[in-house]
Amino acid sequence: MGEYTTEELQSIFIMQGFSGLSLFSVLLLMGLGLALIFGQMGVINMAHGEFMAMGAYTVYLCSNLTEQYAPTFGPYYFIVSIVFAFFICAMVGALVEWLLIRHLYHRPLDTLLATWGLSLIMQQGYRSTFGAREVSPTLPEWLMGSYSFSEMLDIPINGVFVLILSVLVTAALMLFMYRSKFGLRLRATVQNRKMSAAVGINTGRVDRLAFALGCGIAGIAGAAFTTIGSTGPDSGSRYIVDAFLVVVSGGTASLLGCLASAFGIAQAQSILEFFLNGTQGKVATLLVIVIALMIRPQGLFPGKVRGN
Amino acid sequence: MNSRIFRTLFKTKAEAIAFLSFIVLVLIILPLALPVFRLNLVGKYLSFGFVAIGLVLLWGKCGVLSLGQGVFFGLGGYCMAMFLKLEASDPVSTAIQTTPGIPDFMDWNQITELPAFWEPFKSLPFTAAAVMIVPAIIAFIIGWALFKRRVGGVYFAIITQAMALIFSLGIDGNQGLTGGRNGITDLRTLWGWDIRTESAQQILYFVSCTLLFVCALGAKYITNTRLGRVLVAIRDREERVRFSGYDVAMVRTVIFTFAAILSGIGGAMFVLQVGFMSPSIVGIVPSIEMVIFTAVGGRLSVLGAILGCLIVNFGKTTFSEAYPDLWLYLMGSTFIAVVMFFPNGLAGILDKIPDLKTKIGNLVKRSSKPSTPPTAPTPISDEN
Amino acid sequence: MKTDNEDVLVVEDLGVSFDGFKAVDGFNFYLAKNHVHVIIGPNGAGKTTVLDLICGKTKATSGSVKFKGKELRKQQEFKIVRAGIGRKFQTPSTYENLTVFENLELSHPAGRGVFGCLTFRRTPEILERCHSVARQIGLSDKMNTEAGILSHGQKQWLEIGMLLMQDPEIIMLDEPVAGMSVRERAQTAELIRSISDHRSVIVIEHDMEFVREIADRVTVMHMGKILAEGSMDTVSKDPKVIEVYIGH
Amino acid sequence: APPTSEVNTTGLAVTDDTVTVGQLHSSTGTMAISETGSIQAEQLAIDQINAMGGVLGRQIKVIKEDGASDWPTFAEKAKKLLVSDKVGTVFGCWTSASRKAVLPVFEKENGMLYYPTFYEGLEQSKNVIYTGQEATQQILAGLDWIAKEKKAKTYYLVGSDYIWPRTSMKIARKHIENVLKGKVVGEEFYALGTTQFGSLINKIKLKKPDVIYAAVVGGSNVSFYKQLKAAGITSKKQTLLTISVTEDEVLGIGGENLEGFYSAMKYFQSLDNENNKKFVAAFKEKYGEDSVIGDVTQAGYLGPWLWKAAVEKAGSFDIDKIAAASPGIELDIAPEGYVKIHPNHHLWSKLRIGQWQKDGQAKVLYESELIEPDPFPKGYQ
Amino acid sequence: MIAVKNLEVAYGQSLVIPEMNFSASKGEILGIVGRNGMGKSTLFRSLIGMIPCRSGEISLDGKNITKAPSHKRVSKGIAFVPQGRMIFPYLSVYENLISGVQGRVRREDVEEVYTLFPVLQEMRNRKGGNLSGGQQQQLAIGRALMTKPSVLLLDEPTEGIQPSIIKDISRSLREIRDLKDLTIVVSEQVLSFVLDTCDRIMVIDKGKIVREDDREDVDAEKIKAMLAV
């Protein structure tokens, strides 16, 4: 790379590092909700992307309402709408769990079919409500700019924002899963539903809460991604494959795995994309994941115990 | 028919009757009742049936969910399409190109010479073989690598899904060699025989359906031999099977390969009847849809799965014609309803009939005590 | 009591550790032909792990396992089975969605390759074997019952039956009578005695009466190592064994 | 009105007072975003024509089919429209892939398709009227303008990975290198649906091109521009010319994220002429004040009018006669100004450069002369 | 105290317990013996609510709990040690122990279980699934005790446990009973354990109680004979 100055190379090195980091945070946020619903509960949630889209639309609605009724609140509405996104998605998630998912825990493969149906309905629902076209919430200016350190070196604020958000959500979820009573009950419930009830766990409530929580996190992700992506009926479906890859490569058993695999995939992808071209970079990343999974079939962090 | 083979194929009389009625429906009633254009559509739907049969063995019986069957469907389809495209690209009809005699999309991509891997597809016998062998080889390699390492369950599902993504991206990214996102279009003749005419489509329909039934019978045969029972055993308790002395990895690989071959044939039949091949039928979504067809029909039943392909696609066509704005709601609700009310898919309805009968019988008899459990049929023996 | 004869299975210096924890450590074990050899020992002593190591389910970190002079340590599980070693798991492990008959039939060693499976026929001999084994394990009247709905004890029996179908030279039984009622225990003891006429049997059990009834030789394990070895009488009087295992 | 037996000799769905046509777009799936505009515009034109008394005294009835963003479905529905509905013509398709899928059907069943999207060229069919621009009509004049106005020497080409961007970039590269004597410093294609452009943006930063020349389509568009802006690449520092952003896309991207960048199109909603004012007013009346109109939407609007003109010129609904009558047809009411069908079934059209404003509208900075369509451009292949 | 009236339990079509009546009073250890497949586990499962009963009534301290879901029954004071252990394989030993505890986990309670089964303390951070069979069994009993039950149901608790610990368990059960006035219902195959532990012994056959003796009047040989038919 003789044609560039050292300063340029340095800047690129930093920015490329950051773009890997921000891809990591995106993948992580994408995967977290699914890590709970799929990784922990075993529900193959094909509607995960649609819950993300719901989060994005929540931001859009909030943005419209703010512009109409409280324009002065404009710069801050975004934070509030992320909270809204969480609660709305969580509530819908709880409803879906109650109507649909709770009947299917004993045959997890069938959740694939049911949630696929659900995702069709939700997508069409968005289309009927918001139109087939993409919409764009007005994002606060402070979020869309960049810190410019030098002429070459700009660090996107939205990237930093997503990064911080995903770290927060991950930390909260980790605490919740591994330090709280609820997390323990959830892990017990997914391992053996009947026995959990027999030791005194209200499994119905645990399941509902967990599913709602997973959907809520998907909502947060969707809301956050309005800063970097589109808001349309099928915006969510663009994330689903990556989300599953992240969860699976991490090993479905642990959130830590999800963290590690998001990091690994992000770094692989941003490096490969830099040196190869777009499509090739993506293909190469996928191949790396597949080969990694072949070598470590149970993901990066297998939670396996001896079976009988 | 030899009665032993017959009993290997069909466990009960009802099953045989159901199968036979389906054959009558597909090969006699539909051709008489439908205009050729609709019949051709049915043929297209049924070409997914090949994939569904494979999924019954692989997923329903053996418990291995592949979300990448579209890849094999695609491989078979692309092999066939390459042959047809070469035939459609003779120097005369491609005279306006910079390089006449090569497929049009290659010309658009400044390719001036037929790539070497296209050459063999000038031969029909080679193509026919490749339709099965190419998917088989790829499936065998992938299957062996994964099953040997005991990759199973969701890991297998997601790896195969990634494979589907890789495959469709690979096609997109190599437009000059594959036709990219447009696919390979404008296929016309098979050894000079115009496959676009009504009579050709009718003939292709019969050929495709007959092949489908042959494959279905083959699959049924497998499920009712010991191999079929081993599959179920692997699904239930892989470890135990290993300790009964079976090579589980090999069994799975063989079934995966077999399913891939079936998918390849399906792909080829699809191309012949639809007249083009495109990456939009081989990626992630179509691969999942094929699983959906199977699940709706019933992943434990060969006939059910085929029926699933037919019904879901038929529903898609008619719903979307009748309610262009609402059809997705209908499809979505249908899938959910099937899951909730027919755990074994539509084929499960058939299983429920005896249940209902006894229930009704009980009502009639007004007996308060439940009857003893229905005794299962005695295993078929070869003693006589 | 049988006299000693040649060893069919020679296990030497076997060891395995899980994250640093040595579950089995320098374990030596000689199984004589047509002997019933019982391994006892406290919970967690490593008994099940030893069976896991022999049949290839767990890969040993050291040592060797020789079956009739052939090294098995690096073999795949199914090849070890085909060589002639069958194993019953501690918790019953049967094919829940297959009937008792199918469970048995599947265990018959004829046609275990993929194509063998395809061409496999239920010959009269095989059927006869199934039925006779079913009689042996008392499940004749449940031939068409799905294994999933058998009671615990019935599943235990079925799994033993599946082993008998395999007709292995060495049978390894991990707590075969756990959960069995008095009568079934007696019958199992009888069964084990009778099958050891022409094959060797390794049994793990905690039921001392039962062990006394069947054992030709007893090995006591403790913390992955051998604590004592010999006849049931000598072993059960060993103060170390009483201390860690039998209790006062 | 002339008797049906006279105007319909091939068994189309024409009665004494109606004529049935088909409309084949994706109203579901990933392409619904883009195709909705065309659906609406075509419907508007049809309504207006019906209000004026229809075509040859016959009211137009529409059968709407959903291609569902899936090419085999397009082919299936095309066949259904032609074979079982016997429609007089079809307005439809957006992506080139969907057009390639239906083309053999239209040729085999001898139907007529009005195709509204700007596309890569390299095609010409008796059975298709291309109401959008082919590649050279969109690319060459635009590049000339940017080279002249911005003194641009180095270009970075970015597109989605499929035939239209690839072909467009091929033509652009030849023009840049051979005619403009500039330099292409990078060329990248990303899979459709890509949402992450971090690495690409870094590469662009490293190369510091005078112009980013973009043909990213669909949902990726939104990610692309939002991430460009976040990385500090705004119009203040960087010239960007795109051939794939219309008012429709801006709706999703947000005007503030695109402000100052240029698009090369034949039509912008802000065009200042009488035809367009009427069209925009009618469109907003029908679809709401918030609705927007992009290049393809306008091209879709032309379809029914061009078909009406052809039918009336031919005095018949027969496909062959329409096809023969089409070349030379002019349309004075076109919102883009004036159009005329070339014998190669493409339209003569102008190329305009618009600069995007914060409110999502473009300010038109440049307008070319009418450009002759040339789907098989010599020297650019 | 727990009582069962006209209980009828079936799996789908197959009626496993046609009719059953019994009750166990406070501070009593009731042993249930019976051959394999006679419905012991089925009885336990319906008592804890894992399977619904077709008709009849289950009551706890006089309150009808027939329709209550499992977790409600547990909070009302029933605890269950199932046959086959069913510990949570991916939870650590400690987590297994506290999985059912409502509210705050009290140190003393955990210590109490550890004193009963010292091996659990040693292995408290190991995954449940990695324990040996007997260790798992001890864990399952410990887990049940952690919810402070007033009625303890044990389905073949000695299965897979080494002889010395079986003796310990027998002793501890009686101790706990004395200490907390617990009702214990235990099914067993090992007759000696039953005779050592239980106050009353019921023999169950084909889902019916065919014999019932207080310990004082138990005729071990007769019962053995019944079990051996």
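All chains are identified by letter, namely A, B, C, D and E, in their written order; residue positions are counted from 1 within each chain.
Please note the rule applied: a residue touches a chain if its C-beta (ideal position, glycine included) is under 8 Å from a C-beta of that chain, and two chains touch if they have at least 3 such contacts.
It should be emphasised that the depicted structure is a prediction, and the values quoted were computed from it without experimental measurement.
Just count the C-beta contacts per chain pair and the biggest one is A-D.
Distance from the centre of subunit A peaks at C, each centre being the average of the chain's Cα atoms.
Seen from the Cα centre of subunit E, the chain whose own Cα centre is farthest off is D. In terms of their C-alpha centroids, the spacing between subunit B and subunit D amounts to 37 Å. In whole angstrom, the spacing between the mean C-alpha positions of subunit A and subunit B is 33. Each chain gets a centre from the mean of its Cα atoms; for subunit B and subunit E, those two points are 51 Å apart. With centres defined as mean CA coordinates, subunit D is found 74 Å away from subunit C. Within subunit E, the positions touching two or more other chains are listed as 14, 130. Shared interface positions of subunit C, i.e. residues touching 2 or more other chains, are given as 89-91, 93.
For subunit B, residues that reach two or more other chains under the stated contact definition are 169, 172-173, 239, 325, 328.
Contact residues on subunit C toward subunit B in their complex (touch as defined above): 55, 57, 76-78, 81-82, 86-87, 89, 93-99, 101-102, 105-107, 109, 111-114, 117-124, 127, 143-145, 162, 166. Across the interface of their complex, subunit A is touched by residues 27-30, 32-33, 35-37, 161, 188-191, 193-196, 198-203, 205-206, 219, 221-223, 226-227, 229-232, 248-249, 251-254, 256-257 of subunit D.
Only residues 35, 37-38, 40-41, 44, 96, 98, 104-105, 108-110, 169, 172-173, 175, 180-183, 185-188, 196, 274-276, 278, 280-281, 317, 320-321, 324-325, 327-328 of subunit B touch subunit D when the two sit together in their complex.
Touching subunit D in their complex are the following residues of subunit A: 4, 8, 11-12, 15-16, 19-20, 22-23, 26, 123-124, 127, 131-139, 141, 144-146, 148, 152, 154, 156-159, 225, 227-235, 237-239, 269-270, 273-274, 277-279, 281-282. Residues 222, 225-227, 229-230, 232-233, 235-237, 239-240, 242-248, 250-251, 254, 375-383 of subunit B touch subunit C in their complex.
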